[in-house]
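Next come two complexes built around chain A: one with chain B, the other with chain C.
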Partner chain A sequence: MAEPLLVVQDLSVGYVQGDGSVIRAVEDISFTLNRGETLGLCGESGCGKSTLVYGLLRTLAAPGAVLGGSVMLDGHDLLAMHDEGLRKLRWKTASIVPQSALNALNPVLTIRAHVRDTLVAHGEFSRDVAERRGAELLRMVDIDPVHLASYPHELSGGMRQRVALALALLFEPPLIVMDEPTTALDVVVERSILRRVRELQERLGFAMLFITHDLALLMELATRIGVMYAGRMTEIAPVAAFRGGGMHPYTHGLFGAIPPAIGEDRIPTSIRGNAANIAAPPSGCRFHPRCDHAIASCSVDVPALTRCAPNHTVACPIVTGTDA
Partner chain B sequence: MSPPLLHVSDLSVTFDTGGGLRPKKLHALSGLTLTVDRGEIMAIVGESGSGKSTFAKMLLRLLQPTAGKILLDGDDVLKRERRASKAYRKRVQMVFQDPFGSLNPVHTVGHHVERPLAVHHIVPKAQRRARVLELLDQVGLRPADAYIDKLPQDLSGGQRQRVAIARALAPDPDLLVADEPTSMLDVSIRMDVLRLLERLRHERGVAIVLITHDLAAARYLADHIAVLYAGKLMEVAPADELAKHPRHPYSQLLVAAAPKPGGTLDAELPARPGLPPNVDPPPGCPFAERCLVVHEACVTPLPEHVLAPGHLVRCHALSASMQRNSNQ
Partner chain C sequence: MTRYLLRRAGFYALAAWVALTLNFLVPRLMPGDPASVMFARFQGELDPEAIDALRETFGLTDAPLWQQYFSYLAHVAQGDFGTSVVYFPAPVSEVIGSGLMWTVFLAGIAVVLAFVIGSTLGALSAWWRGGFLDSLAPPILSFIGAFPYFWLAMAAAWLFGFELGWFPVRHAYGLDIEPGFHLAFFGSVLKHAFLPALTMVVVALGGWLLSMRNVMLGTLGEDFVNYAQARGLSKRRILVHYAARNALLPNVAGFGMALGFVLSGALLTEIVFSYPGQGYLLIQAVRGQDYPLMQGIFLTITFAVLGANWLVDLLTALLDPRTR
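On to the complex of A and B.
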């Protein structure tokens, strides 16, 4: 039986402008992440996928702010917690593997110091423990423990990303957020890291929220995929449901835009127009100006996520047949 | 027969790196020989450190090769001029990866596209605006007069990249070097830009060297794909052939690693882990230490097997299997 780890209800996150107005970058998002599961969040730049995740972990820097909703992580109400409680929870219950490990690692500290600092911040002061744990973690991600003495600049891009992964595993948290962890890497390195991530996930049982714009990659990695457009969730379903291209017209468009690397000789097509401006989003369904199936009501009514199959919800009245 | 548009032979670049008094040699590119015909699209693929961006810089003459020749229309340009002449720059133009960094935020779209026209004295001043409008129209920024006075900040990433392409086209070049032109763009509009490049090739006959690590994009756009590893050419083949039947073990690795819907991460990659040996590289094949079909000949210089017109594979394992077949 799937046990929920993270339950997000009607979460809205935004950015407060200088004049006091608010850009609502994430609107009314609800989803559940079960233990040990991988939910892929996918969408174009500016769709709010990173804002959503940093907002729900309350790691969003000002002027970003959570505007409403609730987030329950492992029984803790994250949005109601005090800073100190939250500080203790972070890294132990949820950790992040950031996009650019070079920027996430401190250039003047060795990898050993990164491990020690993190342990000390959570009350573990023993040098021996740090040494042992550091070596163990580096081995887990296929790096020779001699690199505990290395500085970030001495490592290749792939190795830095492995170190970031190792640090995220330090307390073996039940949730790890991966924010485009392999976007800066080439395909061969990307693949070997993701294979290792999957092995570790099977061994340690953590759940992942995996942010990427690479839908083809998620098809291989995720258990379920959530597709976002202009701050709203447009479709969430198990990976199998996306094999046929998904249900939402935007999902269709995204799949159509990926040229096939091998196999079929399909001619890829792009979605017309440009990604919606989040500061002044279109009315109704935010995708309607780019949608080939749009009808008059699409520019007026905000579509709700509607169940169209078990575990499969889509926010489009045309495909779910609820526009009457 | 007229010479090909671009022919580079034995092109090498080495840098000194580290080591104080006895610096090590970093081989960014070693002995690259490649031909690009008029109107041809040649994709250069390979992982980080393969030398593909170094190659682009050399074509643009931003970097002086340590050895080798660059022939443009059969003319040995390195011999004739130490630094690139204006005439050379007019013929070889560049589209950069990052359309947010390659346009000056304080200048209008029109200014960017007009500069090459002025610098190369292509169009008299009075007619430049008309020519700029024409170029913007050609790259799909329509109506052009709505874009010409805009600033880069008013444009989306895809539109900016179109401006960069219009600017590169302004001097009517014979060769366009595009370094990852779509990797900074959103997935849903990447195809638009690739298709624009394809259309420009047809309409204007401009040849394109496309630097990318996206095998799918290379397959879609290019006529031929050249695979580089640690600065050495591993395989050149017609694009579809390379994607469907890669012959070099490294090409096979790249194809296997490309994400595909319906695939899984379970499949073992057909190579040992490792990094390109760019610093003081071993003799022979740079991929040998990662290769699953490596054997004793792999420390000797790379062979050249021409399997079909336009399909070259440099692999000792292939020599061995060809030997076996001919003995049977």
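On to the complex of A and C.
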């Protein structure tokens, strides 16, 4: 059951500036995603979560570039692959549900053309197959197949995200990357789409890498959660471990910022200060300028991810008790 | 879509009516009239009755203005623009007809070629940004585009026409060839059109290239290009149907303008090569103070601009589903 699908090791991704200098947006990230599992990646805007997943799939547009590390997906070394091999692998092994389907869909092509283009790219040229598969997929995400003839601008925001989900399921890949797929939607639509995602996952058994800044949502959806701050992973653990609020001070801060739904008489608190500037990150632990528990060594030593329980790793010497 | 096109057609009909009315009013508000000019030209060889007959032909009667206006509209509707002075007694419509044919042929081909070649080069330059084509084509073509086109026409006529003798330097076809549907005539027409068309294309290329390149660079940064790549689409498919197709849309409007100005814009090129087109006629008309011919030419230019814009509306509607 716990068969690894995606193994990422020491991955660094950055953006090359005009003057040749590099902004390291993602530093030394390692994690493993098993088949059928859902790993949620969360962190505030600009923490590098999108850069991480687009970097590991090598779909990052220039000037973004992978700076180091290795990525094994379903037995393929993604970073060592030739472009053509990678092109064939894409979508069959890993697909993406983008943040804004309106921008991701070509405005001058119908939904049908999007399905057909993707099929053709992977060697399926029959019109009938495209038609049948397109209709089947739209039905899977609760959209009337007549919308195969629609253009992206003719659909509502929720329908467009459903279409994007349908496209991601085209080859039933073992991995689907969800890049904040419901961020732009209202909660009712979000709920119904996520319910459908979960049903489909149970039926088809794909693994998900789910990017969001909505920690509460991940608590329901994910099997494990990785918390990122300023390009580094601060904590990875199964959802259960986060029920108590996690261990890393940053994770605590994130939970403190979630307003209570009912009952509890608690005012949400925000983490003091501003998110770290990724172009010139703080030394040592990048969170230390905002951390209430920081000690002198935090501004010097880069904390390593340390196992503090089975499957639970945290990059903070204070909570893991590994500081000297 | 039909409604959209009809609405646009209605707008152009209104514009055409305004142009017609101005065309009617302006000469009547000017001092003197064409008949007196003609009278002066024939230096007393015409008797007064002939002058009155001429006035009649030009629609310059002593009838009230509104009556003149309606008879003018009726004449125009029948394609009757009066009698040319310079080419007396040929009717203006006939004179314009022959010139129009040559101009539409020459300048039409030149504009379409320049648009197609320029846009293709622009799209490719952006695709291989910073590559060989991108570092050579834009500066060179902008440099050539900075020349006045009649100067380039003169240079080409001198070099390839007079010095090297590769191409004829005047007329639309060899005078020793009987016009008709046979190969020798077509060959001669193409040979005569080559130099003037070449100079017009070469001068216009830079503009099309630069505007296409700039729009294309923006389009290549769009999510839908990245998303297409993530779906494993071939580079060629992405270049043509995702990037270039969308980048072309703003340029199509510019194409309409260029297409409309074809009929007047080829003026100097036609003078240099003594090409019997619309521009050449216009100069003859101005020299000979041939008001009916001038009016006829102005009207055809106006109608051509309107017609071309309507065609572009049609093209835009076909290319961009959002306008329908």
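Observations
Please note the rule applied: the second predicted complex is superposed on the first by the 323 of 324 C-alpha atoms of A that agree within 3 Å, B and C clash if a C-alpha of one lies under 4 Å from a C-alpha of the other, contacts with A are read in each partner's own complex, and residues count from 1 in each chain.
Methods note: a contact is a pair of C-beta atoms (placed from the backbone, for glycine too) under 8 Å apart; a residue touches a chain by one contact, two chains touch by 3 or more.
In this text the structure is predicted, and so the values were computed from the model without any measurement.
Superposition of the two complexes onto chain A shows chain B and chain C fitting side by side, with no clash. When both complexes are overlaid on chain A, the residue A:V188 reaches chain B alone and has no touch with chain C. Residue contacts after overlaying the shared chain place A:A309 against neither chain B nor chain C. Of the two partner chains placed by the overlay, only chain B lies in contact with A:R198; chain C stays clear of it. When the shared chain is aligned, chain B comes close enough to touch A:A275, but chain C does not. Within the superposed three-chain model, A:D117 lies in touch with chain C and out of touch with chain B [touch as defined at top].
Once the two complexes are laid over each other on the shared chain, residue contacts for A:A257 go to chain B alone; chain C is not touched. Of the two partner chains placed around the shared chain by superposition, chain C is the only one that A:Y151 touches, whereas chain B remains out of contact. With both complexes placed on chain A, chain A has more residues touched by B than by the other of chain B and chain C.
Contacts of A:E220 after superposition: chain B is touched, whereas chain C is not reached. Minimum Cα-Cα distance between chain B and chain C in the superposed model: 8 Å. Overlaid on A, the two complexes show chain B and chain C touching no common residue of chain A. On chain A, the positions that touch chain C within their shared complex are 57, 59, 61, 87-92, 95-96, 98, 100, 103-110, 117-118, 120-122, 151, 153, 167.
Of all the residues in chain B, the ones that touch chain A in their complex are 47-48, 156-159, 186-192, 194-195, 213, 215-217, 219-220, 240, 243-244, 253-255, 257-265, 269, 271, 273, 275.
Contacts from chain A toward chain B in the complex involve residues 44-45, 142, 156-157, 185-192, 194-195, 198, 213-217, 219-221, 242-243, 253-255, 257-263, 265, 268-271, 274-275. Put simply, chain C touches chain A in their complex at residues 221-234, 237, 241-242, 245-246, 249, 319-322.
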